Amino acid sequence: MAWFESAGLSLIVFLPAAGALALFAVPKAREDAQKWVALLTTGLTAVLAVAVAANFNYGGSEKFQFEVSQSWIPAIGARYHIGVDGISLPLLVLSAVVTVLAVIYSWDHWDEPRNVRGFLALMLLLATGMNGTFVALDLVLFFIFFELVLLPMYFMIGIWGDSAKRRIPVLGRTVTMRLYAAIKFFLFTLFGSAFMLLGFLALYFRSGDFLGDNTFDIPTLIELGSRNAFGSGTFAFLVFGAMFLGFAVKVPMWPFHTWLPDAHTAAPTVGSVLLAAILLKLGSYAFLRISIPILPDMAREWAPFIGLLAVIGIIYGSLACLAQTDVKRLIAFSSVGHMGFVMLGIATMTDVGFNASLIGMVAHGLITGLLFFLAGSMHHRYHTREIARLGGNQKLMPWMGGIFAFTAMASLGLPGLAGFWGEFMSLLGAYRPLAGLSLSQFQTYMVIGAVGTVLTAGYMLWMLQRVNLGEPKAEWSDHEFHDVGPTEWLAWAPLIVAIVAIGVYPRIVLGATTDAVVNLARTAFGG
Amino acid sequence: MDLDYHALAPELVVAATILVVLGLDVALPRPRKYWTAFAGVLGLALAAVPLLTLAFGDGPETRSMLGGAYVVDGFALVLKAVFIVGGYLVLLMSVSYIESDRYYQGEYYLLMLTSILGSLVMASSRDLITLFVGLELVTGPLFLLAGWRKGDAKSNEASLKFFILGVLSTAILLYGMSFLYGLTGSVTFEGIREAGADLLDSGAFRLAVLFTLVGFGFKVTAVPFHFWAPDTYEGAPTPVTAYLSVGSKAAGFVGLLLLCYKALPSVTEIWGPALWVLAALSMTLGNLTALRQDNVVRMLAYSSIAQGGFILVPFAAAAVSNDPAVIQEAASATIVYVIIYAFMNLGAFGVVIAGARRTGSTMIDDWAGMWRYAPRLAVLGAMFFFSLAGIPPLAGWYAKFAMFLAILRPGNAWATALAVIAAVNAVIALVYYARIGKTMWMDHVPEGADTAGTVNPLTGSLALALGISALFVVVAGILPFEFAGVFADLAKVVTTGI
Amino acid sequence: MVSAVASAPLILAAGEGGAGDLSSGGFFAETAWIMLVLPFAAFLAIILVGKRMKGLGAELAIGAMGVNLLWASVLFVQNMFEGIYREVNLTIGEFGTFAGRRLALELGFVVDGLSIMMYWVVAFVGFLVFVYAHGYMKGDIRVPWFFASLSLFAGSMLVLVGAPNLIQLIIGWEGVGLASYLLIGHYWEEKENSDAAVKAFLTNKVADVGLILGTILLVPALGTFRFSALSAAADAHSDLLGGVAVAGALLLFFGAMGKSAQFPLHVWLPDAMAGPTPVSALMHAATMVTAGIYLMARTFPLYQQMATEARPWMVTIAVITLFVLGFLALVADDLKRVLAYSTVSQLGYMMAAVAAGGYTAGLFHLFTHAFFKALLFLGAGSVIHAVHSNNMSDMGGLRKEMPVTFWTFVVGSLSLAGVIPLAGFWSKDEILATLGHEGYTAFMWVAILGAFVTAFYMTRAVALTFFGTYKGHGHPHESPPVMTAPLVALAVPSVIAGLLNIPGVSWGPIRNFTDWVGARIVPMGDYHPKAIEWELAAYGLIAAVAGIALGWRLFAPDAETQQARDRLRIPVLYPLLHNKYYIDDLYMKGVVNPIKGPLARAVDWVNGYVIDAVINGAGAVTAWLGGLVYGRLDQQGIDLLLNAAAGGTRGAGGKLRLLQSGKVQQYAGAFVVGALLLVVAFVLVT
Amino acid sequence: MTFSEWIAEPVNWAFLAMAIPMVLAALRVVTSRNVVHAALFLVLALAASAGLFILLSAEFVAWVLVLVYIGAVVVLFLFGIMITRAPIGRETNLSHDTRWPAAVAALGVFAVTFWLINAVATQMGGFGDPLPAVGRATATGILGEGFINRYLIPFEAVGFVLLAALIGGITLARKDLTPAEEEEGARV
Amino acid sequence: MVLTQFLVLGALLFSIGVYGLLSRRNAVTVLLAVELMLAAVNINLIAFEAFWNTAAAHGQIFAIFVITIAAAEVGIGLAIILLVFRNRASGNIDQLDLMRW
């Protein structure tokens, strides 16, 4: 299996892109063939990802495995360096698997204007970007993959998104949601990543002072970081800040979040799913992979601020959810709150907090992904997402309602389901943040976060009550509703199983991450 | 006379092609004039052959002739390659455009080739005189070509504006050069470099340097020397515009590179801040203005002003450092940017030509929903415009990346400030590039648009040109290593002696 | 510090097998996990195939519960004779380091005196309620779902009581909360019911914050979630817990307040009566609501040994609950609500006992209360089943039509009222004794007064329901045997359970209840009366009899008249009670609605009109700037400049002419001026 | 060198004799209200500069200037003026009504340049010394050698510039035939 | 004769040329002004040549190139002016405003 050791990850990254190319070899009219091409490539990718997980050495999860390092752009010392460790493995598997499910779901859910080939090609490109980001161990490579997701998502939202019109407050202009959301998403992310790139370059240059030669290599930079090479001066402060902007926009942290509700709401179902399940993780993952280990002193200095934004996000997101009238927008805002917990975990700068954020990311990916699937399917049937017009969904479509309720429960952090661990552990982390951080401050965050869990339960339950329970509205009395269909079952069942499995047996994730985050916290902060 | 015919071969082939075209134009009857196009394209392709033998042959790395007045080295070779390939693509794009109207084909290709010849001369020039003559050889034919659509008042106007500002810039350039020569007593770059170091504090020398820069600033459409560009771009025949925005602009940058790095490396304090200002102004004003354009050509004009600003950025980096590595990197970044820019901008213009053929308009709104009826064109359009925006994995990212790398390397506050300005501008630029993407892909086809497709917008030669550009944009975006490595060496060449 | 070091081995040693003089139990203790798993299996099975089964899945639920009852009974009996302790932990994940150790997440089960008692109560009452429900729910629209949810509840409850660590407890805790939510909202077509379900969930969620934060406070200190370690550390007065014991204890108590409906978090429980009656009987009377008491008992050493400062506060809350909230039962017309307030009040008794230091007393009341309160609820259910109404104003005179129900209900009521020698008397007496002994004399008197109130409202309920004339519709009949059999089965322990823990009395080899629940890894060190304190018992009895007498005096003679019910319409007091002390209103109008309404809207407004506006504004400004630069600067700038200059000198006439100036020259002018400025800037200035 | 010393040199009288008319002619070039006059004043100015070149021993350049400019370029100008039917001999306003901005810019350019020239003259030695080349005629052979040796490439390139200007100029300037005329022309 | 006097003369001519370029509205006259600027360049070149007095005579060669190129530019310019004139019957450049927006 030597080939697998060396080529496995590359295949995971580039198979989808190859699939996207292959799609164009299929005549436009042969939609089934196109679907099969997409399914096969993403399926194979997922199988490979699972195989990587199976062959992963969990005893050494703090080390990079399946590593490949090839010359790429020698002029600037950027290398094709990829690998997985315990931090990236769960996210990689999540990404690969959710993509297949998205393809399966797409099988008979197409938004107008119908263009199977184009849509699938974008999805496959997106997969390459997402998988690549999680395995990249070179800042330039990371940047490329990080940005690679932009275009496909931009087009997905812009072409197949929601054509509803909305009046923009203050400006007073009426915009078509998909167009507005697409460019907003694009601009926000690009704005952030422009600064992120500046940060990367600054690291690159400073690294030369210690190594003699500049490097973009993440492991090497981490090694420098563990010696606190970049110090805690203005330089490190600015670099961390620049990267913070880039990552925080992607997460998104309050107050950089406003692209998210619009993008999620406007995106086609699969787009929302991938956005929520994977794209949001790119930012928080980057904190763990890049910002913290390379600039630990700065991470410590920024931590209270990150924590503050995180808890503001938790409360703010939840309160905003309470005011929403659109199911999808509500779910979108819930991401702000949930990612707040993820970021709170990171802000504690402890192994527990990091672990919290990782399992929180995986859980949020599964749960919110499923929620968006459900919201999409419901919209597909009701042709509306107005909460006020829904109701009695449980009666019209018992299975759909049941899964919706289940997922909502998971989303509000019910213990025994995946969502709980992240919330609980990040609060636990906030109780005992890294030595040197203000205890009272983080414990205040902890209490606020805990209050946030109540608000989360509140909006989820009220949404559930208004959507699922009660008698169906009169307008639906003549409608024939099809309950969960076969492709929907196929796409959702793995998510449901995973949510329960991780809820009951979190070792599925923690088994990979714990050693890695303990090592991360130790090398970054000593002790 | 120590002529190295091998080294001169590209110029000679192009010159011969010019004569062949002239002969054919005279000899052929009107319906057969398309042979001139064929000859031109073929000639340029042939000219590329000696480039390859020079680059990969066993000969000396640097071939200097005529007492050092004319040098063929790696730097010159790569830029000549860009000019030849760029010119080749422009000729390909011209074929259908020129055929489709009543143009003087033979003369058109002759002038185009002459201009390309000029840029070849510039790349090898090592003194002010050759540089100046080369520049005029590039520009002179273009004044005429801009007015090539003779019946079109816009084209006439484009030509006249271009010409008047062009001669003004020539005058200012020459006035500057006269002082450069006068104060250093030398017209060669080497001589100026040696003598210039002592003249750092001389105000007149500063004037000389700055006036010379202004002359090139005109060519590279740096704000505030850009005013001609939008009007001329819009009025001139589109392939000519493509060439103006790429070939002629690249020639301007070659001039700047030679001047700054070869002739004036010892007085970075003079040109550095000036180019800092020009870069910042060009990026910012170019981008802000491009935001408000409804005509895709005009938008591209302003975008190319802004792109020119990006290309100028590394100069400012070189200017704040005395470290040869930094200066080399800056030079390399400019070259890389110019090359990538050439391909993606040519591609964009190719799309404009095809789109205009298809829709009969260059107004952005008339292109709405093009994806529905001309998907390939829409894909190409998105590709080139997003590459211009610098979105990975399209080649444009590497251009911007190299630029940022260069400007941040010195770690100087001014340089970093320029990097931040560039970063903000990169985001602003996305707005209007994305707008075209949006229009072509996400808007509804306007009422009454001809979607049945009577015109195939991607005819043979144009398709070939677009295909080459697209291939480059993708491959260079994913694997920039192939030439990035080459450029690192080139930068050493251009900055030797610093 | 010394004690921290000293206690470390103890903490590490705690866990797994039998300890001290406790046996590790036999096969049934080893396989006790079956009890925790079976109901979940039933849950899944019912969801998947329940619809297609003859009994619509009820048989699966009942069968699973039957097996559980068998297991629990064997353990229960075993524990009567010898103390058992067994703990099994399975690591389900580890994260981070605390107290120098990897903090492990574990699932498992603990078999000791406390958990065995709870297993059995849950299994016994649960089994009977399941059987009862099989009859009660016949013809319901969602029978499989009902039994699935019940199974989910049973499983979660057993996971809760079997939890060897806080994590598992939290899982079970929220699991029962979820089941409660599902079952309260069983008839979710009506908004009232789903409102009640949401209310229950959210109130509990508020309390859970306490549980979770309490866990978070205590766990890092120890580096483990295990109760055994917590108990051991508390028992050893470990410094590890020093700083957090009181705060942690209070937070855990706050969690318990929610689940066990202590003032002021009791508001959900009366509303929870929206669920089907068997649910009320099992969850909202016998088992689930006692989870808070159970938690206090499970972590008792913490309160007993270390967090002693917390205890007076807890007793105060509990006494307020038992007394003040008991009054609410006086004015309720809904029979189930009467019982619900009674439950709240009784939970107050239990909590008061445990908080005051009466580990056994509290648990003993929990034990007896489970029987008679389940009995009362099932009895009420039987009545409701017959008259199709919850309101006592639709009942009356049912003693003849429903004799079994009537007599068992009376037994339950007497037991609840604390009439000797029924179970309630003994357990309540022990609580009073404990309160007295621990120095809460004033609270003891309040508790005695509470007994009076209890007796009073139960008498009122019995009188209004079973005496007088029938005021409802149709002809009520006695319920079928499948429902009455559980009534009888519950009546038995309601009568005799008290005998198991009479101070100073023992029954041969069978140990006292005190010893049963005392089989823990560390001694509880609580107070047990050595003999019956007759004086105190007499006060309690007098209060009960007085309550019954007054209730009978007021309601029995003309139980059928409107007048009788109006007898309690005392000015000031009645509106206060009728509006539940306005606490619900305070929550809704003071907290929930402002958050849901104005605050949420404000945040949404901020999102659109502030944050997003900044972003959109930046975009608009950029676009405007673009227009400005293009329109004014790039295309007109020189005109404007000239106009501005000219305006000052030549007035409007000049402007017109100036505007016609040639464009090319403007460009050229800009060119020259630009070049000149560059020179000026970089030559003259520098 | 003081002004009196300077003015004492006869050659400077010659300089002034050419420079003053030259500047005056140049001013008329840009202010004359008659195009033809303007062109003729340019001839005068250029002739004066040719004179200066001779003073500076650059005879060849001087004659080139005379031949190329006065002989050819100005004639070209006059043709251009006639073809565009500019009102010959009639006085019209050839300038914009508002000229002060142009004047300001020009004065600015002059002020800055003048100041810098003076500054550099004091900085760099030799500016005030008599010009060494004066009186020594440059051998035309040197120029010729320069053209075919060191400056061969630009020399050839200029040829192409002229070729392009010629062909392009003709193409642009000539009147396009209508299709009918074209057909006729093709037949002939 | 000293260098400075030529340079000042050149500067004067150049400035006059600038003035003409900016103030003339007839295209041909604009071109005439440009010729003045180029004349200034030539004076500079020749004067500097005299100043350095090197054997290679770079300045003179430069000047000849300038003269030649200027001639070509005039040809080009006049062609363009003719073209514009043909379509508009006016040699005035201040009417070129088609592309103002």
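All chains are identified by letter, namely A, B, C, D and E, in their written order; residue positions are counted from 1 within each chain.
Here, contacts are C-beta pairs under 8 Å (C-beta built on N, C-alpha and C of every residue); 3 or more make two chains touch, one makes a residue touch a chain.
Keep in mind that this is a model prediction, so the values were computed, not measured.
Engineer: Identify the chains adjacent to both chain C and chain D in the sense defined at the top.
Structural biologist: B, E
Engineer: Please identify the chain lying most centrally, where each chain is represented by the average of its Cα atoms.
Structural biologist: A
Engineer: Looking at CA centres, what chain is most distant from chain B?
Structural biologist: Result for max centroid distance from chain B is chain C.
Engineer: Farthest chain from chain E, comparing Cα centres?
Structural biologist: C
Engineer: Roughly how far is chain B from chain E, going centre to centre by Cα mean, in whole Å?
Structural biologist: 26
Engineer: For chain A and chain C, let me know how many angstrom lie between their CA-based centres, rounded off.
Structural biologist: Here chain A and chain C have centroids separated by 34 Å.
Engineer: So how far apart, in whole Å, are chain D and chain E when each is placed at the average of its C-alpha atoms?
Structural biologist: Taking the average C-alpha coordinate of chain D and of chain E, the gap between them is 6 Å.
Engineer: What whole-number Å value describes the gap between the mean CA coordinates of chain A and chain E?
Structural biologist: The mean C-alpha positions of chain A and chain E differ by 64 Å.
Engineer: Residues of chain C that contact two or more other chains, please.
Structural biologist: In chain C, 619, 661-665, 668-669, 672-673, 679, 683-684 touch at least two other chains.
Engineer: Out of chain D, which residues touch more than one other chain, so two or more?
Structural biologist: In chain D, 96, 101-102, 105, 109, 112-113, 116-117, 150-151, 154, 158, 161, 164-165, 168-169, 172 touch at least two other chains.
Engineer: Pull out every residue in chain A that's touching 2 or more other chains.
Structural biologist: Within chain A, the residues that touch at least two other chains are 187.
Engineer: For this structure, enumerate the chain pairs that meet the touch criterion.
Structural biologist: The set of touching chain pairs is A-B, A-C, B-C, B-D, B-E, C-D, C-E, D-E.
Engineer: Hey, which residues of chain E end up touching chain C in the complex?
Structural biologist: 18, 21-25, 30, 92-97, 100-101
Engineer: Give every residue of chain C touching chain B within the complex, in rising order.
Structural biologist: Result: residues 619, 622-623, 625-631, 633-634, 663-664, 666-668, 670-675, 678-679, 681-684, 686 of chain C touch chain B.
Engineer: Can you check the complex and tell me which residues of chain D touch chain C?
Structural biologist: 96-98, 101-102, 105, 108-109, 112, 116
Engineer: Quick one: in the complex, what on chain D touches chain E?
Structural biologist: Chain D residues touching chain E: 1, 6, 9, 11-12, 15, 19, 22-23, 26-27, 29-30, 35, 38-39, 42, 45-46, 49, 52-53, 55-58, 60-61, 64-65, 68-69, 72-73, 76-77, 79-81, 83-86, 93-96, 99, 101-103, 105-107, 109-110, 113-114, 117-118, 121, 126-134, 136, 138, 142-143, 146-147, 150-151, 154, 158, 161-162, 164-166, 168-170, 172-173, 175.
Engineer: Taking the complex as given, what residues does chain C use to touch chain A?
Structural biologist: Contact set of chain C toward chain A: 91-98, 102-103, 105, 107, 167, 170-171, 173-175, 178, 181, 185, 188-191, 194-195, 197-198, 201-202, 205-206, 208-209, 212-213, 216-217, 219-220, 595-596, 599-604, 607-609, 611-613, 615-617, 619-620.
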